[in-house]
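You will see two complexes here that share chain A, one where it goes with chain B and one where it goes with chain C.
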Partner chain A sequence: MMTVKTRRLLTYGIFVAPALIFFTIVIFIPFLRAILFSFQDWNGISSDIGWAGTSNYTKLLNDKGFIKSFDFTVKFVITTTILLNVVALALALILNLALKTRNILRTAFFLPYVIGGVIIGFIWQFIIGGLFPEIGAATGWAIFQKSWLSYPEYSFWALVIVTVWHSAGYFMIIYLAALQGVPKDMLEAAEIDGAGRIQRFWHVTLPLIRPAMTINLFLAISNGFKGFDLNFALTKGGPFGTTESLALHIYLEAFTKNLFTYASAKAVIFFLILAAITLVQVAVMKRREVEM
Partner chain B sequence: MNRERYSVGKLVLEIIMLALGLLFFFPLYLTIVNGFKTYNEVVTSTTAFPEVVQFQNFVTVWNQINFLGVFMNSLIITVIAVVGILLISSMAAYQLVRRPGRLSQIIFLVILSSLIIPFQTMMIPLVKVAKDLNIIDTLHGIILLYWGFGIPLALFLYHGFIKAVPKELEEAASIDGSGPFGIFFRILLPLLKPITTTIAILHSLWIWNDFLLPLITLSSIKNQTIPLAASVYFGQYTNEWHLAMAALTLATLPIMIFFMFMQRYIIQGITAGAVKG
Partner chain C sequence: MMKKWFVTMMVCVLLVFSLAACAGKAEPKQSDAGDTKKAPAAKEEKVTLKLLQFKIEITDKVKAMAADYMVENPHVILDAQVSSDYDTLLKTRFASGDAPDIFFTKAFSEITDWSDKLADLSNEPWMSKVSPSALQGMTVEGKQLGFPVAFEGYGFIYNKDLFAKAAIDNVPTTLSELKEVNEKLKAAGISSYSEGYKEWWVLGQHLYNLPFAYEKDPAATADKINKGEAKVQDVVNMDGFFDVLDMTLDYGKGVESIGVSYDNQVSDFSTGKTAMMQQGVWTIDSIMKINKDINMGMFAIPLTENSEDTRLPVGVPAYYVLNKDSKNLEEAKKFLNWLHENGQKYLVDSFMLIPAFSDLETTPELGPLATDLNAYVAKDQTIPWAHSFWPTGANREFAKQLQAYVGKQMTKEEVLTEVQKLWSERVSK
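Right, the complex of A and B next:
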């Protein structure tokens, strides 16, 4: 006969253990192992793994490829974070005006988001490679006559445009939900007090949708940093590795060059940067939110 | 607000927005249309209609990449992975919420904080772990890996939701002689339906569209998922746009149909998931 206490403990174990086991095997152990790998030297094949001390880390400080990829990623994150939020907020504000076609518009803007990044990248390879030259020939506009994916600057903007097209609808949905939570009487009160459209937006709406802004900035920064699919499928990191995101760079180092331990050091640095930035961003934004 | 002036401005705005909406849809439209053309037609003009609507490209692609097979792989992986994540996470969240204490708190916080680790940090040792466990390049293997990766977010969302569910129902059932399993499956689980829908949608979209994990763990052709199979047409030297567009149309069709039918739930789920996450 089991006591009540052991039976409760057993129940607890049965309910919690599966989550704990899968978490440990799939996330916890690989994470610790990545840290361990970053201090080791291993080519992925030989049976013995040697120690490397901190040499992987000192090496990557002077690694031109890594630094280039870091620069690209930072530039990409800043550009897409701003554009995504501006475009999404503009779309949400317009849809919030109770347009008749609002539902169909919402669907159209959101639709690209449900398709995976790799498929999106391939679709745009076709748009840029097939449609753009045609537009260029028909209109004579120089911008469409260039082969975008052969120029670093154009490839960068191709990635930015496709990212905005792909995800703006998602950010819009989050802003739209927040805008619907702004009380009508507050806006009316401000209007009676003589506040114009811009003042109402700036002093009433904007402070009230700060939580949505925190979320959207967080998502844009974190998704931007982790971007892989589009770089893989659309530009393949090119031309000349100019659009190789950190995520793609780490993948290529590990799985095409077999630099497992060196890539692990890069992956750990990648984690530290991402964790630091997102924690700071959320902390700063949370403090500025208005309590309702 | 003065409505007379408004209606004209609104009409203009409406037309502008509709044009923008069409522009948003245009890349998808082009993909579908070009899937029906011959190679020469695609090269001549990407925007023109096909001269004859023919399904030859789709037949070719269907056979070349064994579309039915890869579709089934994607479906099996997504469904079993999501159901497993829902079950494992809701069970754990139930006990972690209802039996508070230091242990529960530590478990919850450790799992939660892993949300900040990017996949790329874990992926290199993960391949080694999967090899050591002999589950690399198998469907059940990748499903087990998804169970692990899906747990943190699902557990977090369930945890928050269960905290707001009153305990009284469970206590009443307990007095009536129900055990913990009965309480969980018959009383609590039905109450969790709204959050279960949210989590199911978020995780289905993620797993269905995921590319990197299948790329590094599924190497055999027979285990390929849809995104992996579609990438065959975008290799270094292939230039068969007509087949590529048919393949992309096939690849996007299932998720578009799913979206059309589930739109309301998807939008609700995504909003709820983002706001709580």
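Right, the complex of A and C next:
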């Protein structure tokens, strides 16, 4: 006769096992293998794999390309994180009002998120390369007369704009859900106490949607760091490598230069940085969340 | 607390499942191949040959060829796959133990990288018919490892009607003649270029190949740079290269050329917006699709004032190679033999490639670019694709430096210093 305790353990095990097995096979083992690779010397092709000690890591310290793409990625993450959250929150606030068209609008804003990043990249390549010059010719605005993908500054903003356009809908949905969870009676109580619109938003709504902010900041930061498909399809890392994200940089290193193990070392460092940043972010935000 | 934990767990499960779904897409194919291999074995001895290659523009034709082969050889299943993300896929297939039997590699550095996995084809019956200029690129340590798929070449493709409009009678064969052509086009109000310098290979591989290919002995020069006995700056025609690069900017889109993609470049040329483009024979289909009445030709890009120096870069874009650990190596060899015997039908007439075998003929159906290419080959006015001697993957890095030059971020001297540095770093690795 099974005790309740063992039965509970068994149920628990059965439910967790599939996830655990997949996680081990698909993520954990390759992850360990990558760490091992980072101490080896291999071009990804030949049959014998040599040992490199820590030389991959020491070489990394002076790698201008890596530092450059790290620099780009950080700037990109900061810009997109701020813009995404501001835009998404603004959209959510508007669409939380009793608008007639709000369901259509919600769908419309969410729609881009359903399209894959590579396809988005190609579509925007045509918009930026074909439509912008037309707008420029029609309106005479200097900003649209330039070929955006030819200049580093403009390419950067092209990526930011497309990213925000792409993901804002998703972030908006998370904010919307949180906004709808804000109890009406609290807002009414605040109103009766004489709080204005802005005060109500700042002191009542905002603290109550902190959990959504935690999630959205986390998503924006980690997606920003891992950005690959847009850079790959829209700018190809150009002009002259100024928009090469870390993920793209590592991919190119491994698969076009055949520096497989060196790229693994970069990937490990990348993982450590990303893990550190997101852990700190979540920990800090969690502390500021308000329990109901 | 418990609830929160449960939600976290559910999210993990969902994430893992979505990941598994992504991975799952690739898997059925593999198990399919495995099943077909096992199932018919019970009835009779069926062998599966797995072929993997790039050149997605001829995917249908490759599959048709495979179907024909299976009809003629009922005991073989030829599983042909054509991929655009070829390098990644090939390495993944090898790493996962699902290595193809027949696949593509590029010349020189790349075939050397792969050489310890490749079967020696030196004694195959068709080897004696391979054109001499296709041999060097696949010879590693005295062994011939590849079956050349085609010859390809590139230069300035030009619009004959626009040239006539600008009263240009002959194609330029020296730098100053090229300049003159550009001036005449400008006077006639025709834009010369809209070069696709967004693509690393247009700038960093094909155009930058020229000074290295124009060396007397390109392999020796590359070797000297590898050993540190020479520098990139010592390459004789480097100035000529920058002169040509400057012309493509001054008579083209200038700084904005780095935002022009391959598609833009080809469409601008095909629609008659530009008179020239630096491209190769592979563009023929794309051009014809946009404008099938275009009257065009191709000429070699000069880097000097001596017209006798001017030659066209001709190379083999890919070799079929055989995996030496394949269980069906003999069957794979038979396939290559068959492909050579039927080369005229498949390689030339169907794939529309310029044959790299002496017993196969270039036909007029291949179009004006192939005809012009052939004229250079017949006169022996060709130079190799010397970029194949560069360290693997260096082409993309070089392209970035040159893009920075185009974008006026770096001077000529800075570019060369940077290229030299990148090269030495890669060699000393």
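Everything below uses one rule, namely that the second predicted complex is superposed on the first by the 267 of 292 C-alpha atoms of A that agree within 3 Å, B and C clash if a C-alpha of one lies under 4 Å from a C-alpha of the other, contacts with A are read in each partner's own complex, and residues count from 1 in each chain.
Methods note: contacts are C-beta pairs under 8 Å (C-beta built on N, C-alpha and C of every residue); 3 or more make two chains touch, one makes a residue touch a chain.
As the structure is a computational prediction, the values presented were derived from the model and not from experiment.
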Chain C versus chain B on the shared chain A, clash or fit after superposition: clash
Touched partner set for A:Val26, first chain B, second chain C, both or neither: both
Superposition-derived comparison: chain B or chain C, residues of chain A touched: B
Touched partner set for A:Ile94, first chain B, second chain C, both or neither: first
Which superposed partner A:Pro18 touches (first chain B, second chain C, both, neither): both
Which superposed partner A:Trp148 touches (first chain B, second chain C, both, neither): second
Partner chain(s) touched by A:Val77 [first = chain B, second = chain C, both, neither]: neither
Chain B versus chain C as contact partner of A:Phe255, first or second or both or neither: both
Chain B versus chain C as contact partner of A:Gln125, first or second or both or neither: both
First (chain B), second (chain C), both or neither touched by A:Ile45: second
Segment of chain B that clashes with chain C, given the candidates 56-64, 146-154, 164-172 or 254-262: 146-154
Chain A residues contacted in one complex by chain B, in the other by chain C: 16, 18-19, 22-23, 26-27, 125, 255
Contact footprint of chain A on chain C as seen in their complex: 9, 12-13, 16-17, 19-20, 23, 87-88, 91, 94, 113-114, 116-117, 198-200, 253, 255-261, 264, 392-394, 396-397, 400-401, 403-404, 407, 409, 426, 429
Touching residues (chain side chain B, partner chain A) in the complex: 10, 13-14, 17-18, 21-22, 24-25, 27-28, 30-31, 34, 42, 45-47, 88-89, 91-92, 94-96, 99, 107, 110-111, 114, 116-126, 128-129, 133, 144-145, 147-149, 151-152, 155, 180, 184, 205, 208-212, 216, 227, 230-231, 233-234, 241, 244-245, 248, 251-252, 255-256, 258-259, 263, 266-267, 270-271, 274-275, 277
Touching residues on chain A, where the partner in the complex is chain B: 8, 11-12, 15-16, 18-20, 22-23, 25-31, 33-34, 37, 94-95, 97, 99-101, 104-112, 114-119, 122-127, 130-131, 134, 165, 169-170, 173-174, 177, 211-212, 215, 219, 225-226, 228-229, 232-233, 246-247, 250-251, 254-255, 260, 263-264, 267-268, 270-271, 274-275, 278-279
Interface residues, chain A side, partner chain C - complex: 16, 18-19, 22-23, 26-27, 43-47, 65, 125, 129, 146-152, 236, 238-241, 252, 255-259
